[in-house]
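Next up: the structures, one after another.
Paired with chain B in one complex and with chain C in the other, chain A is shared by the two complexes that follow.
Entry: the complex of A and B
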């Protein structure tokens, strides 16, 4: 149609082309956005709806609209507050450990001339595995009393056999260690990549100024690495808050509710105790917590 | 000189401990999957033994075969990948290359959908799918997998589309090619590599998913990540078989991970520049 278009005045041609581009864009976007609306936005609205109902699959006769009743129950629910606390401990501990260990290892490996390739390959292994498989392996071959390797090492070290997943404190430590084991390679890989992209000449100048290794790290590496570190923290926080398989398959939230993060509480309430209405309110609370925490983290990223 | 040597040895020792810690649980599972029942239970644990393929024969072709679950996993992962790519490639192209009103909002929307906790998606979907009889069906699971695979694929692909020079499209338009033709003949071949990487990661994420699968699976459709827990029970855990199943569940993703090695950082941090991320 180029011959035809030439007859149209310049301004109109631009408008016609822009309109065509818009229509083309709309056609290309439509399938994906309809699918996203159907699988994310619609469930969210539905969820907010069910959170205002009493809905018990075990006792359907008592179902009905209750307004904000579920949320009032939630605020007075000790198990909710304790699961929120467990979430914050789990998230805080795993994220700090991942970043600290990942950064330390990246700094150690960075100057390695040989053997770096091994790290790059091996770091991939835990990260690509399903958290469900990881949980299963740790629960059995690593932590099972008198069978798992960790228990074997503990016995040989004179600590004696421990109930790694049956004791509340040890169970919490175990799920934190498992999550850290799986995802430290992620922090390591990202931070190693950013370290490799830092400009060499600043370090030369610092060396000429006789700055010590610690000074170079504090004054140069850390500030330059800050954006990458903050990015890792944000991503890992979002993931840890909604971790499911990594805890569900190892302790199921137990013993009791010792490792029950808010995400798991919402699941257990909905699908084990079959209180869908209250479970929905818990899921909405989790969404609110996620938004609040990510809001704080994004504000931190913008600061300075 | 000596101080330097000590430092070097210390660094080597520390890094070796890390390497061992990461490799060990995986290698130990592989070793256990090659043991007889008595070797698995031996105390102290046996590092050296005569390997056997018995556990694999049992879990693949024995009475409680895991083969249908492996097939389930493949159908779900391949189905999710194909449908995701069919929708994500055009959408990513539009977001990366075309001018239209609301583009910024559209990009933000794709990222924001990832904030929604998966448990908040599965509760309503469980109710809906139960009503229309889609629990324990492939279409039910694949549909809900789009909730995480689409935003991921769109953002990863956008980063590849943005790398193509604009001149290529302009030259094609001047030759009178239609937009669709340009996209199909000129642009898509340019991002073949990016599409391949995206396919790998979408498959990987679908294979590894657990929460949705646990709620929506039943006797017909049950991926291997869920089915492997049948080998643990209160009375008796079938250790060697359990190890063999976990190795089978790990194998495809480990192969894909090593294939996509160079792109793994990009695949893991996609969309992170603006926020988001997944389990």
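Entry: the complex of A and C
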């Protein structure tokens, strides 16, 4: 601590040194801070600003400040509500599936005597792929009629060829499955690490206390994994709410608006229909929804 | 509760790959007995306990409880309670929930559980801590909680795996006596693993001394102390350990540092032996083995002398009154009855 006033004979020297140190620290921090401001805070404020304008590239003559008009339109917009619902279904389904499958896999792998390392490496592969690439792979290799692996299996299983991305329900199922496929390994890795850190001896104690395997899972494993599970839910929820690339490449939001999540709707409004102002309002709405849901989840995390 | 908790081990072998952790261990524990498994670390005592608990399976041999072969039975079905060295408390449950857990697993009703938990907590004096989590307890309190969880179920066997090793010295002494009283009042069979010979000596009705995967000696602590049947047991039991001096036996006596000591073994002939004399049995008296005091460790009521007898080092315990100074020359001897003789090659007692 250079600001140790007592050690310095001239009265103000300590204060001067402390001030100099603070200035130096600020100088070191400044570049990163400015870069952050420029790339996150400013665009965010600009987005909020834009959302209060009518900005239609197709009809530039009508542009101008409209205040909350975009938001009023939004609340009355059926397509907004339906895309919000799609977002929530997509998020809920993928997060629940990721946690359930990830936990099941983690429990399975924990008991593997050999090959755990290989399994981890293979399992992590989908995570390192770009969601856009994943979307392309699924659309072409997996779900393409007749030639895609999934459709091929469906035909051989006697279910017949399905229009995986053309049928509204199946398309929704498909995008949920794709997201789950890519991100379950993340939940798996986090939960496996958490599981591996649980002490062995309390399971032995539970066995001697005559708890069955299911009781040991319900009464010991689950409560002890709770912090990790909640953390995974929070992180995956925030990402799923703002998912974009995979759905964009697989269905583009279609058929119709069957898989059009809020993010995609905002994109379509802004860059397909070119009404930037209304698109911005949609993006802000998504931001608000994300903050609200995250807030609830964080409150849940603190609850116990 | 008497008549329950009889244990029999028959030729139990435990292999870890090529390494034999237990090489054919057999013993019996009587109902209501406080039985200690004593030995240095790696001697197989904890493995024995884990096999008894059903946490590990033996590679060969059979385990019986109350005459019933339970070698293949799961830990859940053995009706055994255990206190772990680490306590193994459930960290997310309160003390109350920890103690109640085995009862809940036994599908007891809430009306039965509440008084049972209260009773167990009272026995180990932690009634005031029931709403705390294990993380908020001191080491001693955690240990009591683990004890309460083990006694609440009234299992037929009560296993303790070095339960005192994580406590500080003072608390260890207190808990030791309480443990003994608790076991007596419950009348339950207890199997106690420890590497601390003093704990085994003070607590156990009988004990088995483990060395390198084998039982060296089984008996009452006083008997094992008085008549250790091998050099290893002799060296392990007693503090400070027994003096073990290689010597030549000839017609009833041994020669140490050029001085003859009479022994109680009356056998003609000559052989190489190891002479064992407990530090407390070494007497300072004229006409014995000449020795020089190298070091004095004063323990308050007694003192340990490190003596040099012409190159052989011997430790002696003397009471406080007449502690010689360092550098003093004196002469030591021992009564024939206090001299243990071991065969130098087989290491067994003669």
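Please note the rule applied: the second predicted complex is superposed on the first by the 289 of 304 C-alpha atoms of A that agree within 3 Å, B and C clash if a C-alpha of one lies under 4 Å from a C-alpha of the other, contacts with A are read in each partner's own complex, and residues count from 1 in each chain.
In this section, contacts are C-beta pairs under 8 Å (C-beta built on N, C-alpha and C of every residue); 3 or more make two chains touch, one makes a residue touch a chain.
Remember, predicted model here, so these are calculated numbers, not experimental data.
Asker: Clash or fit: how do chain B and chain C relate after the overlay on chain A?
Answerer: Overlaying the two structures gives chain B and chain C room side by side.
Asker: Just checking: does A:207 make contact with chain B only, chain C only, both, or neither of them? Give me first, second, both or neither.
Answerer: second
Asker: Quick check for you: in the superposed arrangement, does A:162 touch first (chain B), second (chain C), both or neither?
Answerer: Neither partner.
Asker: Scan A:238 for contacts with chain B and chain C and give back first, second, both or neither.
Answerer: First partner only, chain B.
Asker: Counting residues of chain A touched by each partner, does chain B or chain C come out ahead?
Answerer: Answer, by number of touched residues of chain A: B.
Asker: Would you sort A:224 into first (chain B), second (chain C), both or neither based on which partner it touches?
Answerer: second
Asker: Calculate the angle at chain A, using C-alpha centres, between the directions toward chain B and chain C; round to the nearest 10 degrees.
Answerer: 90
Asker: If we overlay the two complexes on their shared chain A, which of chain B and chain C does A:79 touch? Say first, second, both or neither.
Answerer: A:79 sits against neither chain B nor chain C.
Asker: Is A:186 contacted by the first partner chain B, the second partner chain C, both or neither?
Answerer: Only chain B is touched by A:186; chain C is not.
Asker: So, A:199: does it touch chain B (first), chain C (second), both, or neither?
Answerer: Only chain C; A:199 stays clear of chain B.
Asker: So, does A:215 touch the first partner chain B, the second partner chain C, both, or neither?
Answerer: So A:215 only meets chain C here.
Asker: How many Å separate the nearest C-alpha atoms of chain B and chain C in the overlaid structures?
Answerer: Checking C-alpha atoms only, chain B sits 10 Å from chain C at its nearest point.
Asker: Once the two structures are fitted together, what part of chain A is touched by chain B and by chain C alike?
Answerer: The answer is that chain A has no such residue.
Asker: Once bound in the complex, which stretches of chain A touch chain C?
Answerer: Residues of chain A touching chain C: 199, 201-202, 204-212, 215, 219-220, 223-224.
Asker: Give the list of chain C residues in touch with chain A in this complex.
Answerer: Per the stated touch rule, the residues are 53-55, 74-78, 80-82, 84, 86, 88-92, 101-102, 105-106, 149, 153.
Asker: Which chain B residues qualify as touching chain A in the complex?
Answerer: 11, 14-15, 18-19, 21-26, 28-29, 32, 41, 43-45, 86-88, 90-91, 93-95, 98-101, 103, 106, 109-110, 113-121, 123-128, 143-144, 146-147, 150-151, 154, 176, 179-180, 204, 207-211, 214-215, 225-226, 228-229, 232, 237, 239, 242-243, 246, 249-250, 253-254, 256-258, 261, 264-265, 268-269, 272-273, 275-279
Asker: How about chain A: which of its residues touch chain B in the complex?
Answerer: 2, 18, 20-22, 24-29, 31-33, 35-36, 38-44, 46-47, 50, 101, 105, 108-109, 112, 115, 118-134, 136-142, 146-147, 149, 152, 181, 185-186, 189-190, 193, 231, 234-236, 238-239, 241-245, 248-249, 263, 266-267, 270-271, 276, 279-280, 283-284, 286-287, 290-291, 294, 298
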